[in-house]
Amino acid sequence: MLGCVAGFFTYETTKSVVVKSWQVGIIYRFAQLLIILYFVGWVFLHEKAYQVRDTGIESAVMTKVKGFGFYNGSLMDVADYVAPQQGAAMFCIITKMIITPSQSQGLCAEPDKKFSCATDEDCTKHLSSNLGSGRITGRCLTSEKQCQIEGWCPAENDNQTMTPMREVENFTIFIKNSIRFPLFNVTRGNILSSVNAQKIQTCLYHPYKDPYCPIFRVGDVLEYANENLDSIMDRGGEIGINIAWKCNLDLHVNNCLPNYTFTRLDAPFKHSHVTKGYNFRFAKYYRSQNQEVRTLHKAFAIRFDIIVSGSAGKFSVIPTLINVVAACTSVGLVSDSAFKCKEFKQASHITIKAEEKNSDDSGAFSIGYQL
Amino acid sequence: MLGCVAGFFTYETTKSVVVKSWQVGIIYRFAQLLIILYFVGWVFLHEKAYQVRDTGIESAVMTKVKGFGFYNGSLMDVADYVAPQQGAAMFCIITKMIITPSQSQGLCAEPDKKFSCATDEDCTKHLSSNLGSGRITGRCLTSEKQCQIEGWCPAENDNQTMTPMREVENFTIFIKNSIRFPLFNVTRGNILSSVNAQKIQTCLYHPYKDPYCPIFRVGDVLEYANENLDSIMDRGGEIGINIAWKCNLDLHVNNCLPNYTFTRLDAPFKHSHVTKGYNFRFAKYYRSQNQEVRTLHKAFAIRFDIIVSGSAGKFSVIPTLINVVAACTSVGLVSDSAFKCKEFKQASHITIKAEEKNSDDSGAFSIGYQL
Amino acid sequence: MLGCVAGFFTYETTKSVVVKSWQVGIIYRFAQLLIILYFVGWVFLHEKAYQVRDTGIESAVMTKVKGFGFYNGSLMDVADYVAPQQGAAMFCIITKMIITPSQSQGLCAEPDKKFSCATDEDCTKHLSSNLGSGRITGRCLTSEKQCQIEGWCPAENDNQTMTPMREVENFTIFIKNSIRFPLFNVTRGNILSSVNAQKIQTCLYHPYKDPYCPIFRVGDVLEYANENLDSIMDRGGEIGINIAWKCNLDLHVNNCLPNYTFTRLDAPFKHSHVTKGYNFRFAKYYRSQNQEVRTLHKAFAIRFDIIVSGSAGKFSVIPTLINVVAACTSVGLVSDSAFKCKEFKQASHITIKAEEKNSDDSGAFSIGYQL
């Protein structure tokens, strides 16, 4: 019994052999150097393993487009060309529209060439098709040589060439992005506190000259994304504005700043023969003589997506401790530095002349891995 | 001093005992085999620990619905039944509507049974209620035996049975999804480069026959999600179309392909007595005789959410090295394979006859864990 | 050859020294105690390292606002004040509007003070400005002493003081949130199955009294987010409703419940001199005498963002095994407990009297780190 208690307070460690050989020693120390470099350079400096990281960034984006252009002889302002209008993280700027006014329910000719006909038989075979603008009635309209449809009439003919609204180039996008790192309860906005109202109304984002101005000219954004203005205005497309927040909260919080990058999101389809650009249809509804009338718009637009990502790191005791212990054990620093100079003796061959030594590097070993 | 320098270039290692016992040896080797199997099978093959992974997938989704149906005697096309119209990752297809036309500001009867009355006193108790369609004035309309409200009149009576638009079943959804793995700067689209324009216009997604066709029939989607068409068309619901990109970029990038799955997102409420389905209200505004008039729509809709997820892995030196070192150390392969055959001697009992041997598996140990 | 096969079935282990010293023993046991506490308290209880975690939560949110108010003398209901109307995770409740009715394309005065003028020269310098409501024609309108613009006329004058719709305070937001943990195929909804239809129509969320009621009064939400109702109604703002699901699936799934928190998302800009609040413009289009007429609205709104996050954990053999092995090796429990009492002997000095002992803690070591 007494033996057991006494035994409980004994310390057990592995027996060591100190090999006194310059060749082996140099290789050993070089391996240690590599491990130290790995821990200091990669684990601590590059990966910042002494920090706790918060990657669950919370973000809120508000956008506001400014500018006006002329399309089809009439002025278009924000309420006309931005959709949806709520100023969310995703919005479209309409650059071109095919407008079909005064549609009402009725019978008319389908303009699509697929539905051209000579006799009614040419149309009856399309009876169940849903590729037209309405239900094929099966009649062939002899004057237009096209099948008749039942639906919103006159049907849209999107085989027209329209000139996009060039002024889009000079429109500006104002982005208000506020973020929060819930773990550290740190909130940041993309407008520097040092900026005054005067500056905000006149500045324009530039990657080097003004990297923190939250106002972006559409023409610049397209240039930064390496996109051709004319082509994207004609066919539509999708542009991503990425806001990256990489914050080291060990520094002053004012160093936690956004970084903007620009990409074309639909790039994989840019050279596709199948589908290019971006467009959508919407209608404005009117009432005339108690009948519902609509104006159909096929809108070609540049869609902007504000994508916010980020992470923050801050010093924390637990990961630092774990990593320091792991580094020390790996290197064997503890045992070496403590005993080396005291227990030095001459030994020239590896396995023959060896001296016993205690090394206490076993217990602390795999603590590290449970990050 | 000289001693210290010399001591610096010595190599220290633990003393080993080689136990020559078949029983212990078999258990030892079996444990090693398990560890090897764990590393090869789980760590390397299953978890692909030799790769760097990018889970921060960037995604852009465009959708386009095609098809038309007849509701209440008039044709409905995309501009009529899709909301919002911008073709984003979330959109609704309206299947049923309760339409209240020609509403204008005024006084009228509240149709809800909760507000039925015999005398004005029955209504004055509801004066502060906000469950009606407008403000309760406190008067009881004797002809309708319902309380009077001030608001948009006539008030909506949603206690009607309407037949949903059956054609929704045959509508098609075209999904254009482009993704990017920022770490590897790899962009992919869900339309195979081998597909031509002809194919795209005629194909239809099928899990086995055509798993990469980006066009989905609504009826099929509901079937894949195990949903009943009639019930969801009548009450509305929410369907998730998940696009999963699991890419091994060590293979050719053409193997990086989307995988589609379908779920009912509001499944937890499907059998709830409280709330089922999905509907929302919107209004179309007109102007007649200088007065604002609106048509109120209570729309029952199928809401589609395109949810994109994914990750990509690619071979990288650092994790491979770390894992190989960890595997080797764990198994003790290094020390064993190097010395076993040379230093073999007979020994039959565990702790008695033992031979000293160097094993160099301590220094490299916990390098591994810092992934 | 035979030697090699025999050698293959030998077991190699490190030589140990048992040091019989009370001082060293106490330090050794205290270090072991710390390691055990770390593993039991932090790794197992706090970090739940015996579980597999799913952080890829899939979520679907539907919202429905109820209530009506009076603005500018006419009743506003959901179809009037909520935008977008689809009941998505992000929606705005309009609290104040500056309405500019009967705009049509033409020439009129720009109301902004920046464009006041005495002569035409004052206006020609603004010819390329896009800060006005339309294109500056270069003429100075002498009656208004303001520059003339071409665009939607009359132009909006947003320099008005309007009273917000006070009733917003009593509006209620019904949130339907269904989530899924794909790894465990567990779906949950934020409406308890024990709640009946009667309860749902009358309950109101309260952090202590009714933490699982999915109906939120706008005034309460603003209070929980520490926001002033009058200020946010006047200028607009953005409120985040966070729904956090932290589920321990080792317990009954009914314990997997939502937790609601409320924050002001645009908090970093609240005290900014530059930009405050939230507003957007939209237009309703009419047709009168074959001319397009619109009513422009500058809407100040409270934007609500429902942000869903969460993770679930469930017992799994692999991480448990790995962690138990790691814990045991770290502590050296295995070797100690097995041999201590048997091989006890007297020893008073550290490196001198030592006894050899087998410890088998090397092979299993760094298995652990590959989680």
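Lettered A, B and C in written order, each chain numbered from 1.
Everything below uses one rule, namely that contacts are C-beta pairs under 8 Å (C-beta built on N, C-alpha and C of every residue); 3 or more make two chains touch, one makes a residue touch a chain.
Just so we're on the same page, UniProt names per chain: A, B, C = P2X purinoceptor.
Predicted model only: the values in this text are computed from it and were never measured.
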Query = To reach chain C (P2X purinoceptor) from chain A (P2X purinoceptor) by way of touching chains, what is the minimum number of steps?
reply = 1
Task = Please state whether the interface between chain B (P2X purinoceptor) and chain C (P2X purinoceptor) is built from the same residues or different ones, using more than half shared residue numbers as the mark of same.
result = different
Message = Using mean CA coordinates as chain centres, what's the gap between chain B (P2X purinoceptor) and chain C (P2X purinoceptor) in Å?
response = 17
Note = Note: chain C (P2X purinoceptor) residues in touch with at least two other chains are 14-15, 84, 286, 356-357, 365-366, 368-369
Ask   = Across the complex, what residues on chain A (P2X purinoceptor) touch chain C (P2X purinoceptor)?
value = 3-4, 6-15, 56, 58, 60, 62, 64, 66-68, 70, 74-75, 77-80, 84-88, 167, 170-171, 176, 178, 180, 187-189, 191, 193, 195-197, 200, 284, 286, 288, 293, 318, 356-358, 362-370
Task = Please name which positions on chain A (P2X purinoceptor) make contact with chain B (P2X purinoceptor) in the complex.
result = 14-22, 24-29, 31-32, 35, 38-39, 42-43, 47, 49, 83-84, 90, 92, 105, 130-131, 133-135, 150-152, 238, 240, 242, 263, 265-269, 272-275, 278, 280-283, 285-287, 292, 294, 296, 301, 303, 305, 307, 309, 323, 326, 329-332, 335-336, 340-341, 344, 347, 350-351, 354, 356-357, 359, 361, 365-366, 368-369, 371
